Structure formats: C-alpha cells, structure tokens
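Order as written gives the chain letters A, B, C, D and E; numbering starts at 1 within each chain.
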Amino acid sequence: EEVVVFAAASMKTALDAVAADFQSATGHTVTISYAGSNALAKQIIEGAPTDIFLSAAVNWMDEVEKAGLVTEGTRADLFGNTLVLVAHGTDAAPVEIGPGLDLAGLLGDGKLAMAMVDAVPAGQYGKAALESLGLWPSVEASVAQSENVRAALMLVSTGEAPYGIVYATDAVADDAVTVVGTFPDDSHKPIVYPGALLTGAADAADRAFFEALSSDAGDAKFAAQGFAILN
Amino acid sequence: MTLRIALKHRFEGFSLDLAFEAPAGVTALFGRSGSGKTTVINAVAGLFRPDEGRIAADGVVLLDTGAGRCLPPHRRRIGYVFQDARLFPHLTVRQNLLFGRWFAPAGPDVGPGVGLERIVALLGIAPLLDRRPATLSGGERQRVAIGRAILSNPRLLLMDEPLAALDEARKGEILPYLERLRDELGLPILYVSHSVAEVARLATTVVLMEAGRVTAIGPASTILSDPAIAPVMGLREAGAMISARVVAQEADGLTRLDTGAGPVWLPRIEAAEGATVRLRILAQDVMLATRRPEGISALNILSVTVRDIHLGEGPGALVRLSAGEATILARVTRRSVDALDLRAGRPVFAVLKAVSVARENVGRAGP
Amino acid sequence: MTDWLTPDEWRAVALSLRVSFWATLVSLPFGLLVAYALARWNFWGKPLLNGVVHLPLILPPVVTGYLLLIIFGRRGAVGQVLDEWFGVVLAFRWTGAALAAGIMAFPLMVRAMRLAIEAVDPRLEQAAGTLGASRPWVFATVTLPLILPGVIAGAILAFAKAMGEFGATITFVSNIPGQTQTLPSAIYAFLQVPGGEPQAARLVAIAIAIAMAALLLSEWVARAVARRISGQ
Amino acid sequence: MTDWLTPDEWRAVALSLRVSFWATLVSLPFGLLVAYALARWNFWGKPLLNGVVHLPLILPPVVTGYLLLIIFGRRGAVGQVLDEWFGVVLAFRWTGAALAAGIMAFPLMVRAMRLAIEAVDPRLEQAAGTLGASRPWVFATVTLPLILPGVIAGAILAFAKAMGEFGATITFVSNIPGQTQTLPSAIYAFLQVPGGEPQAARLVAIAIAIAMAALLLSEWVARAVARRISGQ
Amino acid sequence: MTLRIALKHRFEGFSLDLAFEAPAGVTALFGRSGSGKTTVINAVAGLFRPDEGRIAADGVVLLDTGAGRCLPPHRRRIGYVFQDARLFPHLTVRQNLLFGRWFAPAGPDVGPGVGLERIVALLGIAPLLDRRPATLSGGERQRVAIGRAILSNPRLLLMDEPLAALDEARKGEILPYLERLRDELGLPILYVSHSVAEVARLATTVVLMEAGRVTAIGPASTILSDPAIAPVMGLREAGAMISARVVAQEADGLTRLDTGAGPVWLPRIEAAEGATVRLRILAQDVMLATRRPEGISALNILSVTVRDIHLGEGPGALVRLSAGEATILARVTRRSVDALDLRAGRPVFAVLKAVSVARENVGRAGP
C-alpha cells in the first residue's frame, strides 16, 4: 500500500524519520511531497491524489476543509511551535522579550529578518506578537521580509541581519545564531500544525500512518526537532 | 518555347515598363548597369512580383497579376544562375550541384552530357567537389552556380552575367557548351551579359534595355548589324552577322566557307562540310579597297556594294555593304570615305583577315 | 557515488534528466514553428502570440504553475479533456513536470531560434526555390541546416532552464519523490529544514555538473556545425 | 487606477520598473562584452565563462539568491569591498534587487547577443578594417549596428525576465515595501493567503500589461532596424 | 612606391609559393580562375595570413612572419575593392562612401577630384546616395565599392575585378579616372582582371600567375607583346604596346601621331600636342603587305622589317616586326606566311586601320 502525504516543508526532518520507521515496520510505502502549505492546499483542492495533509498554517487547512476534502473527524492540531528572537553569532546576550524591549535600539541600522508578515504564517505570528507587545511601530521600517522563515534565518545566519524572528524548530540546528529570547505564548495566536486524513484516503495504511504521527514514537521524532506535542 | 513578358513596376527613382516576346533560343538582355535586367529576370523566376505583369512560357502562365495568378518559383522549373552565385554554404560543392536533382522530375539524364561528370569536367570543378563554398575563389563559385542551375534540369535557363568572373580560356570552354544546350537540348536561355562578344555568339534574339524600357528587340543578326544601334553597344563591338556554309576543311588548318559574296577562309571551324555556321564580322575588322589588293596577308577579299554610309559624331563612319544576300558592316574614317570616294551603289572590295574572325565570333547557327 | 546520494536523490537526478530531456525534445518542433512564424510570417495576432510566448518569463513562476494547475489539473478545462479523451494525465506526474519545464523554457528556446532564422539570407532560400524546392523542402534542406547552431543554442537554453525550473513545477505537480520531485525541488526541500544545507549543496553540485556537461556538448556540436558551414 | 491599487502596490509597480530598467541597462555592456568574447575570441577558460554565465539558469533561484547573499552581502567578499571602498551597499536595497534580476537575466541576454554576433558576416568587418577602422571602431560602426536586433531581443528578454524575477531577489534582498518589494513579491504574498487570488490577478494583469508594452516596443524598434538594413 | 611580396602557403589541394616585386604604377595580376590572385591581394590587405611571407611597401614592413610582424589591416592604409562588393548593409550609399573618411588621416582632399562629388559623378551613383545597398543592382554595388575604396584616401589600392560587372560605357568612363589616379596621384594599384584590354590599358607591370606561382612578370609592354605569352591571354588579345608622340590634332577628328616607324592617324586622342601616349596594337588588327597597298581605306601604312615568326599550333602565326625602335606583332595565317614569303629580315608594309585601335587601347603613358 502507498500512503501519499502532502506536508509543509518545515516538517521534513521529523516526518522523514517517522515515515522511515513506519515503512520498515509495516512494509507500506510512504510518499511525501514537501512544499509550501499554500501550494499543497491548492493542489489538494485541484484534485491531487493525496491521503494526508499536514499543514503549517491553520488557514490553508481551513480552505481544504471548506472544499469538503477532509475526512470528517480526522482533523487535529498535531504539533505546536514557539516563536523566538535570534541573533547573529554565538555570543549574543539574551534579552527579556516584553513591552519594555528596546528592539529598535538593538537593531541600530540593521534589519530584523522575518518571514513575509502578511503572507507567511511565521511572519504573521511574529507581526502579531510585536504588535501586542507594542514594538511593531518602532521596528516596522526595519523589517526585512523573506519568502519563508528559513530564508529569514539565513539572513541572520550570514550576518546580513543582526536579529530575526523565527520558529524555535528552525533555530536549533544553526550554530551561527543564538536564541536570545522566546516570545510569550500569549503575544500571538497559538502556533499549530493541523493534520487531517483526506476524503481520498481509502485504505487502512493511510489511517495507520496518520495515527503513527501521534504515537509516542512519532511524537518523539517531532519533539527532537523542537516541535511542541499537542493533545 | 516562346516566353512572353509584360511588366510594369515602380520603385522609388526607377520604373520598369516593358513588354517583349522571347522566341526559342537564347535571348540576350543587354543594357547598362541599373537598366533593369536583373529585375526582369527575377520576375521570370518568380522572385520578384511586379505591380502589374503577365509572363507566359508557351502555354503556361507563370504570372498574371490581372488574374491574380503567380506560380511559386519551385513550380516554374526555371534554372537561375545568379549574379552573385548564392551557393548553399552548408553543402559541399557536389551537394550544391545535385541540389536541384532531388526535386527535378524523375527521368533519365536528358540531352548531351547533362550528367554530373560531364558538367563537372566541363566546368573544371572536379577538385572542388568535396569542398564547401566558403573558400572557393570568385570564379570557382560562379562555375559551381552554373553547374547547379543546369543540373536542375530546367525548362528555361536564366543566366545573369554568368561568365563575368571567368577568364577567357574558361569562357571559351563554357560558351560552346551553352551553344549545345541551346541547339541540341533546345533549352531556351534568357541571358544577361555586358559582353557583346558573348551576346553575339550565343544570342538568337537581342533585347536592348534602357532605364527599365525596351529600346530595341530583334534577331541578333539584325540588332547587332544595325548601325543605328552600334553606339549603344560600343562602336568597337559593332559588326554584322552572316551565315556561311562550310565548303571544305583544308590541309593547312583553314576552313573554306561560302558566304554568298565569295569564298572565305577561316581558321579551322569544328563543323561538318555542308554545315551552316554564323560568323560575326566586326565592322572594324573590315577594310575597304577600290582595287583588289594584291601581295597582302589578308586571305578574304569579297566583292561587295556600298549600301549606305552612317556618319557618326566622331571621325568615323559605318559603311553598310551588300555582300550577296548578306549585309556586312565596315568601320572606316571619314577621311577614307572621302579619299576612296565611297557612296551608295559603288562596288568595292571588302578585305577581311582570316584570323580576325575570332573563335568566339564563330557560332553554330542557332535554331 | 551511490554512497553519497540516497535513493530518493538518485531518483530526483534521474527524473530531472528525464523531465528536461523530454521537455526540450517535445517543445523543439513547436518552438521551431513558433519561431519561424514570428520571424517570417505576417499574420493577425502575431503580437499576441509573441506576448503569450513570453508570458512564462514575465510572470513569477508560482503564477505560471498556478495557472497550469488550474488549466491542466485534473479538474482543469484542458486537463479533463486530455484525461477523458486521450487518457493523458499531467497533474502530479512527471509528464506534468515536463510540461511545466517546457513552458517555462519555451520563450528562451523561441528567441534563440527566431534570431537564427532572422539571420538566414532569404536569397539562399530563393535560390533553393528556383531549384525546385517547395517551401517545406526549402526549410528542411536550407533553412534548418543553416539555423542549426541557433536551434542547438535554443535547445540547450531550454534544457538548462528545465534543469533549474522549480517554482512552476512544484506549484503545478507538487514535489512527490520519484514522480515529480526534480533536483531543484529536492534542493528546496533540504533548504527548508535545519541542517539541510550540506545535502542541498551536494545536489547543487550535481545539477551544475550535469548542466555543464550538456553545455559543453552543445557548444562542441554547434562549433562543429559552424565550422562545416564556414568551410574550414 | 489609483482606486484599485494600494500605495504599496503602486510602489511595487514603480520599483519593478526601476529595477528591471536598471538591471537591463547596466548588464547590457557586460552582456555585450561576454557575448562578443564567447562568439569571437578563443581564450583559455572560455568553457568556464560560458558555464558561469549559464549558472543562474540552471540553479534554483533560491540558490542563486543565497550565493549572491554570500558574495555581495554586507559581509560578503565583494559586498564588503564595495561598501568600504565605494560606499555601495546592495543588501536590502533596490540596487541589490537590480543586481539579482540582472544576474538572473544575464544568460538570456548573452545568448541572444551571441547568436546575433555569430550571424554577422566577418567579411564586412574585414572590409571595415581595410577602410581604416580599428577593432573597436569596427565593432561600433559595423558589428553593433548589424546586431542591433539581437541586442534589442536580448535586452527585452532580460527586461521581461527581470520583471518576473522573484526567487533570487527575495532571497538576496528580502521584501521591504518601497525598497525591495517588487511586483512578483507582492503577487507571491497574495498567493500565500487564502482568497488572495483576485488581488494577485490584478497585479499579474499589470505585470503582463507592462511587459507586453515593452515587448511591442522592442518588436517595433527591431523591425524598424531590420527594415533599414534590408533597404525597404 | 615599390611593393615587395613573398608568400608561401598550403591549402588542401592548392599551394601558393611566389615572390615578386611591384614597382610604382599599376601592377596587374593576371591568371586563370583559381590561380591565387585574390589570395595574394588578401595577404597584402592583411585579411589573409600566409604560413610564411614577407610583404613590404617601400620601407614599411606590412607582414613578416619570420619576425612575427603583422600590421593589422586598419593600419595598412590600403583601399580594397572586393570581388564581392561587401557594402555595409546598414549604411546608406553616401555613408558607405564616406566610411573610410572617418578614419583616414586628417588633411584636405588630395589630388584630382578625390572629393565625394567628383567620385559620385564619375561613378554615376548620384541618384543612389540615400539608398541602402540591399536593393542596388550588381553594377551599382560595384561602383559604390570602388568609390568607397578610393575615398578612404589609401596609399595603395587593391582592385579585384572591379569592372567585371559593368557595361562597356561605364568601364570607358572609369578607366581614364583610374589612369589619372595612377598618374597624377601616383597611387599604386594592384589590379586583378580577366580583361586583357583593361590590363593593357592600365598596367605598368603585369604579373602572370598560374596555380599559385608566378610564371612571368615584367613591364606591361614587354609581357603583352611577348609572342610566347600570347596564348595564355588568348590569341585574340595578343598585341604589342608602342609609345607614340602626338604631332597634331587634325580637322576631320583624327590625331596624327609619330611612332618612329612612320606617321599614324587615329581617332581624336585627348592629349596635348607633344604628349606621349601608349598604343596597344592588337596583332590581329595588323595586316602585312609586300607592296604598299593603294586605294584602300586603311590610313596607316608603316614600313617595317620582319624580326621573327612564331608558328603556333593552329593555322596561324605571330609575326614580330621591327618598326623603328618599337616592336609590333601581326597575326596572319600560315598560308599568308607562305604566300607572301615572309621571313626574318624581309621588309614589308604593316597596314593598320585608324579605327582599329580602340579607344580603350589608347592609354596615357604610365609613369
């Protein structure tokens, strides 16, 4: 049996590990297509032959659900993430993230790297957090928006931008950046990765893999990458 | 085959407006640079579409702007030797030569030596067969172009100054071949050349052009012996064409001919006894004498009668002579006209050296 | 070699080659036709055709991919017809990736060929006409050989572009390993996760090596052709 | 017009035009030089140059953008030099966007020009030489006018590509409204949010309109030039 | 200016190996198609680099492969009229003509009518000035090419069959101009032509080429009157060159000249009394007589002595005659040699028609 999964690209490392275990345990094949959540959602809506959708954004899962392609009762918020402020270098001093943070001062004439603040989830969360902390107006002009959160991290990593706002999961493996602070959970809507079994999924293997994601072993792989395990 | 041509076209600064009929044989278009010769030929080939025009070869209408008919070039079966050779740079000389073969109607090689080997030998391009055109010399290129056109087995050949880039020796080899195409294959040729000698030798019909118009047309013998037209061609080239019958090939390498006005000896002419050939006798090669000259190297002395005398602008005069049926022109000075008291009706002797009728001025009699 | 590429990566390399090869090959005749039409014919709608051909260049690849998805997807107007009438499915197949790559590469191919066609001396084509060759034959025996360097240039541009094409492909046919995951998609996936850069770099090196090999080959062929024409 | 475009969108349009214009203009002489070198000179490292020129075509744009960042960023080898010696900063500036667009468009420009140069009859250049023109003068008075249609084609290809360039640009200079947010970035942003398609479509229409206008203009100029040469 | 040329080069199937020296004046390269004329000229222009070679114009070394020296074409100041016109298609005729001006060393127009208007009028291309080359006729193109080369103010002119595409009338206009360039400007010219008449008229020196080698070289008068060389050029063109002094312009349009072997009358020659001109007298235009002919239209009867007789392969013979200092050739049949009992030392009369020395065979005496 083949299980086809459309998954947000940011899940690749953990999901590949889970899939590898699943394949060797069951003999089923798992084929995973990694791309941006928006592209995947559109493809699913256009009839992509997919069994499972793992989105990095709630709104795109909503779109798929609206199109009636989610198997009833299977949608679940699987993983969570946190938003962190990273700085270039290994010896950056930690900061207290709150309304009193002089982020603009820290930046100087440097840029604050973020994902696109109106379009990409990480950017949207980051903007919301800065707004709720009252920091947005002071830094708005200094924000460099990247295509995605990885590109934002790269800007910090190469030192082009002194600071950046990225997911905790992205920051873990990069030695060239330091996490200098974590945004309070209440400064933005919860960051969740919803997953669902799609209506096209017919066989047991699909369901089995979907369940494997929430198994302890699966959770461990995701936790190792820095994801929070929900439910 | 008769070719009927009528064209009207206006370029900026040049307009073409002519109509003529080219009977079978070789029709020479003769005129100054820029007089429209290439344009006419292009129209026949279908490469140039005039504002108005009608071109028909025998029954076949090639172009009729009135009826909106225009046969595309590849359906006209017309071989064209371009003024600029236009060889295909990506093909070898051999492939260039055989290009037309791919498209020519099936059938065995027609006529005398239209085969590749024959043409290649004639044109002296055997060593070039595997070369590409880019590095050929100017004359080599032109020879390949001639071969290519002939080998496409056309029903009409257009040649735009085909021999201009060639040396005399090569010309001398190719001209008889063109004559054979004309006579044995009956292949009609529309021929552009600035060389009166070439035209005189090949042409059945001469069309004189000036500024896009036809100023004279007629059988080559008539046009070329017309004293009124002589200045157009250059006085040096004025001359008359007469027919002569080969009477005997003599031992010392001379051929004896009968012209109707007396015997004429010329250097060996390759023709059977009894055959008719055409001789072009340049006016300036003819000397006149009131008494039969003696002890003189000239072999040919004809009794003729002065028909009329055309005084030109310069110190010269063209004297038209009746030699039996034929007409001969002589170019002399006015001073001699006076000294010899030449006038219409006076019988005189025309002196002609045997060697002065150049090989290239002896042609086979056209059809 | 096998050590440092996973099976999935191998498949991505093989697929990229297949996709680029077929994208180039299949678009070649169409490219030639369109280039010839743009270079030599005058027809109503020529500017429109010219514009449409250039579209994939102008639009962000994502947009092109999205349009392809809408048109050639399973539910798309053309996609449905192709599926029902001919049984051809493009969406989420390597054929779709080839379509995307071919369309993205099309303007480059057409431009190169068009320039080559415009450089052919029409008097040579006329000469071929007087020798009895009809239009199609003139094209086959004179025009085509003369524009061969341009055709090769167009093909290699298209191939290179197809090898590098990513945005439209991933948008149209997703990124399914073994089916639609080309080299650039695989590189993209690695770049999206922490620590994926070294793997991405390896794949980039492979992409460069392949494209360079193709480029050298094409240059060599084009030079040989040009040398023949110049007669040296 | 002003009603249906927000000020930010207006700025994106203006910026895209500026970026594409300068990217095309500045890369023109370099493109010409490289095209001439590839077409006419024989030098060591020619295949390498040829390969490097094609790289942006082969690599996924993100990779190109990343490489640009490493080389031309503030901390990049070249970027530092430019900054310290000339005070030129590319990172996060529209100039950087122009650089990215120019580099992505470079292979297209070079190919078109190279084909045109290869089509010039060297015998005409020789003739100019015998008339006293030195190499540079021959180029300026004979080669250049003869390849003008190819240069225009190359420039318009580059302009179109620059108008559509997105991946390398956003990776290199990010997306700062008014500074580096080009039309494709704006379109991309709309496509990232559900229901953004209509807005994206509006911007796509504008991009198409601009590119078509440029295309028509270039065709018209190229035709005028070609007509002059053919003497009609 | 003296031009020293030594070249060695091997093509596949053709090798060039020659050395010659061209003194001031016009040096004609004469040889069959493919004999290497264009290749030599290209080497002089710097467009072709031979395996080995040395080319020097006066002191200036243009090429010396031994010393690794090769002046680029644009530094050679050599005007080149190509066999294929090679006009710049993107420039108007006027711009083509003036192209060389942009690069020519500064200074006023030198010499007689090297100005644009003069050249344009001479070549008859005034109506074409604003046209582009694409639609010019073959001859028009060639004329523009001639003008372009001359106007670039060169110190040496290379002309590769410049007049081949032109009609006689136009040739007749351009030739005197080239003579003036030669004489008044002292402009050295390397001239390729298949027309002996052109060569005879213009050339100071003739270089005969065959298959990449020089077979004969010498002053034009010597080479062209050498009976041994005559067959190469075509027997019809064999002839001798003699110098003559203009004695008087007579009322009936004739010019009286003194040849050293008696008076000669020719149609008006535009030269002052006392001037020296060169006449080329074709062997076939000369008739021999043992008694002074009377009552004959030929005006010019010279007393000469038979020097020697060359029997050719055919029925003809070339008789070399001493006419005072000068040499004249006569072409007669063997039959006449026998009939008139011609042998070396015998005094005879050479009969020459006034009109048979064609205008194009009268040239100004070269330097």
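Keep in mind that, in the parts below, contacts are C-beta pairs under 8 Å (C-beta built on N, C-alpha and C of every residue); 3 or more make two chains touch, one makes a residue touch a chain.
Bear in mind that the values here come from a model prediction, so they are computed numbers and not experimental data.
Work out which chains are contact partners of both chain A and chain E.
D
If you apply the touch rule, which chains end up adjacent to both chain A and chain C?
Output, common partners of chain A and chain C: D.
I need the chain pair with the most C-beta contacts, please.
Summing C-beta contacts for every pairing gives the maximum at B-E.
With centres defined by CA atoms only, which chain is the most remote from chain D?
The most distant chain relative to chain D turns out to be B.
Quick one: report the Å distance separating chain B from chain C, using the average Cα coordinate of each chain.
The answer is 57 Å.
Which integer distance in Å separates the CA centroid of chain B from that of chain E?
Computed from C-alpha means, the inter-chain centre distance equals 26 Å.
Centre to centre, by mean C-alpha position, how many angstrom separate chain A and chain B?
Result: the chain centres lie 90 Å from each other.
I'd like to verify one number: the distance from the centre of chain A to the centre of chain D, where each centre is the average of its C-alpha atoms, in whole angstrom.
35
Of all the residues in chain B, which ones touch at least 2 other chains?
Touching at least two other chains: 84, 131, 135.
For chain D, give me the residues that contact two or more of the other chains.
In chain D, residues 62, 167, 188, 191 touch at least two other chains, as defined above.
Which residue numbers or ranges of chain A touch two or more of the other chains?
none
Each pair of chains that touch: what are they?
Those chain pairs which touch are A-C, A-D, B-C, B-E, C-D, D-E.
What residues of chain D sit close enough to touch chain C in their complex?
Residue positions touching the partner: 47, 50-51, 54-55, 57-63, 107-108, 111-112, 114-116, 118-119, 149-150, 153, 157, 160-161, 163-164, 166-167, 184, 187-188, 191, 200, 204, 207-208, 211-212, 215-216, 219, 226.
Can you list the residues on chain A that touch chain C in the complex?
4, 6, 9-10, 12-13, 31-35, 39-40, 42-43, 46-49, 148, 150, 169-174, 225
For a test of understanding, state which residues of chain A touch chain D in their complex under the given definition.
36, 38, 41, 59-60, 62-63, 111, 113, 116, 118-120, 143-147, 151, 154-155, 158-160
Can you tell me which positions in chain B touch chain C when the two form their complex?
45-47, 72-80, 82, 84, 86, 88-91, 99-100, 102-104, 131-135, 148-149, 152
Can you list the residues on chain E that touch chain B in the complex?
It is residues 11, 13, 31-34, 37-38, 83-84, 127, 131, 135, 137-140, 143, 160-161, 164-170, 172, 194, 196, 233-237, 252-254, 265, 267-268, 284-285, 287-291, 293-299, 314-316, 330-336, 339-340, 351, 353-356, 358-360 of chain E that touch chain B.
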